[in-house]
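This structure is in structure tokens; I'll ask about it shortly.
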Amino acid sequence: MADVGAPAPPGSGPATRLLDGRPGVDLSAVGRRAARIGGPALAVTYLSLLVLLPLAALLSNALSGGPAAFWRAVTQPEAVAALELTLVASLIVALVNSVAGLAIAWVLVRDQFRGKALVSALIDLPFALPTVVAGLTLLALYGPDSPFGVNLAGTRLGIGCALAFVTLPFCVRSVQPVLAELDRETEEAAASLGAKNTQVVRRIVLPSIAPAVLAGAGLAFARAVGEFGSVVLISGNLPFKTEVASSWIFSLSQSGDLSAASAVSVVLVLISLSVLLAIGWMRRRFDAPETV
Amino acid sequence: MSIIVDGVSKRFGDAVALDDVSLEVPTGSLTALLGPSGGGKSTLLRIIAGLDEPDRGSIRIEGEDLTGTPARKRGVGFCFQHYAPFRHLTVRRNVAFGLEIRRRPKAEVKARVDELLELVGLSHLGDRYPSQLSGGQRQRMALARALAIEPKVLLLDEPFGALDAQVRQQLRQWLRELHSTLHVTTVLVTHDQEEAMEVADRLAIINHGRLEQLGTPAHMYDHPANEFVLTFLGPATELDGAWVRPHDLVVHPAADRPDHPKARQGTVARVTHLGFEVRVDVDLDPEGSCWVQLSRGAAGELDLQPGDRVWVARTDVPADDEPPPSVVEEHHERHLVTVPPLS
Amino acid sequence: MTGRWRWPLRIGALGYLAVLVALPVGTVFYRAFDHGLAAAWDAITTTDALHALWLTVLVACIAVPLDTIFGVGVSLILARHRFPGAWLLDAFVDIPLALSPVVIGLSLILVYGKTGWFGNWLAARGITVIFSVPGIVMASAAVALPYVVREVLPVLQELGTEQEQAARTLGAGPWAVFRRITLPNIRRGLAYGITLTTARVLGEFGAVAIVSGAIAGKTETLTLYISDSIENLDPAGAYTGAVVLALFALAVLTVLTVTDRRRESWHGRAAK
């Protein structure tokens, strides 16, 4: 008599013996096999339908009129102006917010005061708030009805404010955990070797958090070049003055010129992807090498 | 005297870390601060270094009162248990750090770094990063880095605690040799009594924030000031209400009664072979138990089995009833609890 | 913290934060209730506003669960299995983070619009995606795709397989293992991810603007309603709508603060 509960011989597939000796189907094996094939297939399908196919269509559409049409769409004066404005503004905002983000992270990690949790929540606010609401609030405060008497509507500074608002969390949250986990002993070691506080910060702390600051700046930049909702209200979208790339793409698609819109979109995507890749490369290069 | 600690006390919130500790570290010596974890040794070391401040008391280094002075002005070299390497700098730059801060000329810095790397055996690893070194190599780098600034005293906070047993052994001997070459006053914090006794000229035992005893390892082993020091520094077992070292006991078979009038009868409970030593646990008549440490040869000759009837006697005190001399270390009476001496 | 720098740093950092973030948000509430509670109530209960609210909630109720199931599934796949191209899947999931929402919307039109790749196929079956609710759902799901994965995957990777293996040796099948071992352990990361996803979906503007045609009363989400109101010089509508969304954002913030997640997860996968 066969052993009760003996495992099925290899290769026999779902058919097996149940614990009481009766022959049966091992549902878990069937389930596992289905999951192993079906799972990734479903995931890839979802991803394709929502992201991959559309991106492919974007690329294809951008080139659908041939390289000449692509070039024309991209070098159109309004497109160039919009791209230029977007890049410069995003760069400046990324730099400013890197510094501000570092300062805020420093205060959060190394300073003690009541209400820290509130400050922390405040930093996440731009991330939780819909972009259009962000734009509205900035408009309310620094637009035509501003209680301060400033009017940033239709100005590049207004755009800068909107971009700074939405990208601040990236700059703070990328630095904060690294700063918090810094080994204080290395700072004490530096102090015991004679370094003053400023020297400790400059020579020991900053180099250690530089990769994180860089990563935050990269994320901020990538977000800023694509930002739409918060900018659109305060900028007024004045061509050649306050029209950012995403607004230009939007108006192109509204007017039906989809291939031009695609062309400019492709350029925008290439820019943010290259920045992210470059930052990744720099981090890998400048991070102290790790042992196996 | 290189370091004079006078009446130092420190609390963290409600917890007392150090309670009125005073001690002196002779110039050129290697003193170990020994004690159980959490006893206050690291706190004391950090106070000497200037990384923490005492609530009360003072620190003098080479005659100078440095109590209020920050760490960077004290001229002490400090090594951490986890090395505190500057990860973004190469080994060379790590070692050079203190000299670069002091703006020494480049040629001088290079020469000194070369010299130190040679001394600690890391010349071939100068351009690596700390993450590429083993634990032992990192600690040697940390030592080189601390020595680069020619410190008045060298302070080591459990320097070998994070290393494998074998590496620890090697580095202990290496540290001993380094010290005899350089003669820098060194204070070493450790919770490993074997390490302390092997490496240090003098021991200071610190427990619950108080200094229990100060002296040479040999003296403290044989003349512990109290029960804590006795049990901390070496194996101990009780016989007739007094503490005795297990290697100071002998076992005789029941038929062969020893001459000692205080010999006791008992039954072997267990025999454990630990390589060179053999540990024999004995249940005594009418009650109580002790254990005896025998060499392999002696145990082999006796060939004891659990259940055997035996005699147990001391070999460290004479047969008469006179109490042995006092074991209390002279300088530190005010800190020590007097307990029945070893007899 | 060193004495000399403490106050300048504090004032500078917190001042920047106040001017940039705290003030503007406070103003929205002020403006919304400027003319009193009743006026605000009227503004938010117009037909268009209510429809926008309903549409927004509907879209969230579809897009968020879809993204959540996808997110958990992909996390499980990536964390528990090795296969060639795994790194590619990982990178693809992050794509929406690097794209402008306008670009995402545009690319969806190029596939599902009348002249898009599937245009004819869909029209033949009478399905409209673009300028209609399904399009809005897809756009919202696309932009919020990465969040659940980014929160759950690191947790799964840190969790390791030992507990699951132990459960299997004790006789648990795959579903039981998931329900009793995996799920309880990823609960926090999952909650955080779902919260971020919902926030993103509710707040999406650019992609939805392109894809929906912003037809008031039909395909306008709340965010579109706000922008429309401003353009139609109806600030009351805009601000009250903004308050509704801001209130939700504050709820999100509370969840974020309370679950107190380490921020490493969504920044650890930075530069790709």
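Think of it as A, B and C in the order they're written, each chain with its own count starting at 1.
Methods note: a contact is a pair of C-beta atoms (placed from the backbone, for glycine too) under 8 Å apart; a residue touches a chain by one contact, two chains touch by 3 or more.
Here the structure is a predicted model, which means the values were calculated and not measured.
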item: Between A-C and A-B, the pair joined by more C-beta contacts; value: A-C
item: Reference chain B; chain at largest CA-centroid distance; value: C
item: Length of the line joining the C-alpha centres of chain B and chain C, rounded to whole Å; value: 59
item: Distance from chain B to chain A - Cα centre to Cα centre, in angstrom; value: 53
item: Mean-CA-position distance for chain C and chain A (Å); value: 13
item: Residues of chain C engaged with two or more neighbouring chains; value: none
item: Where chain B touches two or more other chains at once, by residue number; value: none
item: Residue list for chain A, restricted to those that touch at least two other chains; value: none
item: Parts of chain A lying in touch with chain B, wherever the complex brings them together; value: 183, 185-186, 188-196, 199, 203-204, 207-208, 288-291
item: Complex contacts: residues of chain A adjacent to chain C; value: 27-28, 31-32, 35-36, 39-40, 42-44, 46-47, 49-55, 57-58, 61, 100, 103-104, 106-107, 110-113, 117, 119-134, 136-142, 147, 161, 164-165, 168, 170, 173-174, 176-177, 197, 212, 215-216, 218-219, 222, 225-229, 232-233, 245-246, 249-250, 253-254, 258, 261-262, 265, 268-269, 272-273, 276-281, 283
item: Residue ranges of chain C touching chain A (in the complex, touch as defined); value: 1-2, 6, 9-10, 12-14, 16-17, 20-25, 27-28, 31, 66, 70, 73-74, 76-77, 81, 83, 89, 92-93, 95-111, 115-117, 138, 141-142, 145, 173-175, 199, 202-206, 209-210, 223, 226-227, 230, 238-239, 242, 245-246, 249-250, 252-254, 256-257, 262-264, 266-267, 270-272
item: Partner chain A, residues of chain B touching it in the complex; value: 49-51, 70-74, 76-78, 80, 82, 84-88, 97-98, 101-102, 129-133, 142, 145-146, 148-149
